[in-house]
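Naming follows writing order (A, B, C and D), and every chain is counted from residue 1.
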Amino acid sequence: MAGFVSTVRVRYAETDQMGVAHHGAYIPWFEEARIEWLRACGISYRDLERQGILMPVVEVAITYKRPLRFDDVAELTTSAEVLGPSRVRFSTEVRLHGEDMLRAEAQVTVAATTPEGRPTRLPASLSATAAQGPKQPG
Amino acid sequence: MAGFVSTVRVRYAETDQMGVAHHGAYIPWFEEARIEWLRACGISYRDLERQGILMPVVEVAITYKRPLRFDDVAELTTSAEVLGPSRVRFSTEVRLHGEDMLRAEAQVTVAATTPEGRPTRLPASLSATAAQGPKQPG
Amino acid sequence: MAGFVSTVRVRYAETDQMGVAHHGAYIPWFEEARIEWLRACGISYRDLERQGILMPVVEVAITYKRPLRFDDVAELTTSAEVLGPSRVRFSTEVRLHGEDMLRAEAQVTVAATTPEGRPTRLPASLSATAAQGPKQPG
Amino acid sequence: MAGFVSTVRVRYAETDQMGVAHHGAYIPWFEEARIEWLRACGISYRDLERQGILMPVVEVAITYKRPLRFDDVAELTTSAEVLGPSRVRFSTEVRLHGEDMLRAEAQVTVAATTPEGRPTRLPASLSATAAQGPKQPG
């Protein structure tokens, strides 16, 4: 499956003294990629929370292959797999824009919960689209 | 007025590719210093929020004089000045532990508000202690 | 002077438990706005560093007027004023996209230095454009 | 193996609008725990880098079980396993100070490299101590 592509430019604040993007900086990028994936599915995560569906992260696994540097434009290719009625795993591949070589890859599992932290069902539109991925705009 | 001293060690994640602590990293340090200042006054900021008193930042002014580096232990000397019934300004000086030379200094103004964002009175104990500063433990 | 406009979308990771963008999150936005301002001037800050010109921040002053929330698209309007041969002050206004009301404003002063931290001259193209601002693309 | 214990207090800036510590905030904590583990082994990571040995992260796996909140004091129990001449995996368990219940656990694999990114040998003292863990101070 092709996956949904979004981009992010490495911020100066995201670098560390090794001269590369710090490994922790990727976490907000993956989060942003999931939110853009949802938006492309017609789901506003902001509205979801207002409706009482939260999606906390329960697991993160990241492999770093080659570093990214300040001002690099990273291309994130995201897909999703429904693991159960209230659990979905997003996979994201990171490449430098215009390159084939993988820079990093991540799997992030999120649970659908109520504001009190009890499991709840994933939105139907999410489950439906996860099978085939959102349409890439343009 | 002597001010209340707390310390923070520069995290690797807080450095940038200049090889120094990023200027944005100081903001959470000043926040932590205010919270420790409050704790030394007998005020738990966590409890304050539970009681419906929030203290959002309305102004920040920081001067950076000499950089701090990874693993440096910074000493933060914090004092407070009440500006009005719902406004207090914290001043923090940053030094390397054991040095006189100023590395940075900041003034951060916070407002006391309700959860809805309306001004409310500062806790009485805060106003009382701001005049003389909290007792330094030990 | 009109100023150069760039945008940023508030990340989930940038919110805090008050439910708004944390005041520290703005610092990387202002940094990004300066870098985009430079790019619009034809200056790559990445290349500048490679040529041995660093631009560390020496002063930050931010006023927060109204909070921003997760997923908000903030519009940053940035202009620059040369303060001396090696010093420039960037001013940035923050608005919600499509609104007039000011959410925050900042002044950030940066110094041009060598990698060893000695003052050096600002790039000529920067000084030239600061007077009139970069051309807004499209 | 008992593991080396260090602590960290959840910063306000580390919370998100779910009212808990953001999942990305843990990454700098684990990094700090590794650095304290090394220090307890008699290794200054700062000196290591000055000697030309860098330890970039190549893999991260985190499981989040129960959230942490602002002002919580988290207890991090860290151990290490040498995976090869230039690779070591740190395991960290996160508990609330004074509790048995696991809040989160992580495995972070780091590689020893030259500043140019080529594999190099782990410091001998690290390999030696990884087998048995550093002595807990006091």
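Here is the rule we use: a residue touches a chain if its C-beta (ideal position, glycine included) is under 8 Å from a C-beta of that chain, and two chains touch if they have at least 3 such contacts.
All figures in this text were calculated on a predicted structure; none of them were measured in a lab.
Looking at which of B-D and A-D shares more C-beta pairs in contact, the answer is the pair A-D.
Taking the mean of C-alpha positions as each chain's centre, the chain lying farthest from the centre of subunit B is A.
The distance from the centre of subunit B to the centre of subunit D, each centre being the mean of the chain's C-alpha atoms, comes to 27 Å. For this pair, subunit C with subunit D, the centres built from the Cα atoms lie 34 Å apart. Averaged Cα coordinates give subunit A a centre that lies 24 Å from the centre of subunit D. Residue positions of subunit B touching 2 or more other chains: 12-13, 17-18, 20, 24, 27-28, 31, 70.
Viewed as a contact network, the protein chains are fully connected, with every chain touching every other.
Residues of subunit B that touch subunit C in their complex: 17-18, 20, 23-24, 27-28, 31, 49, 54, 56-64, 67, 117. Residues of subunit C touching subunit A in their complex: 9, 11-14, 27-28, 31-32, 35, 44-46, 69-71.
Put simply, subunit C touches subunit D in their complex at residues 12-13, 15-20, 22, 24, 70.
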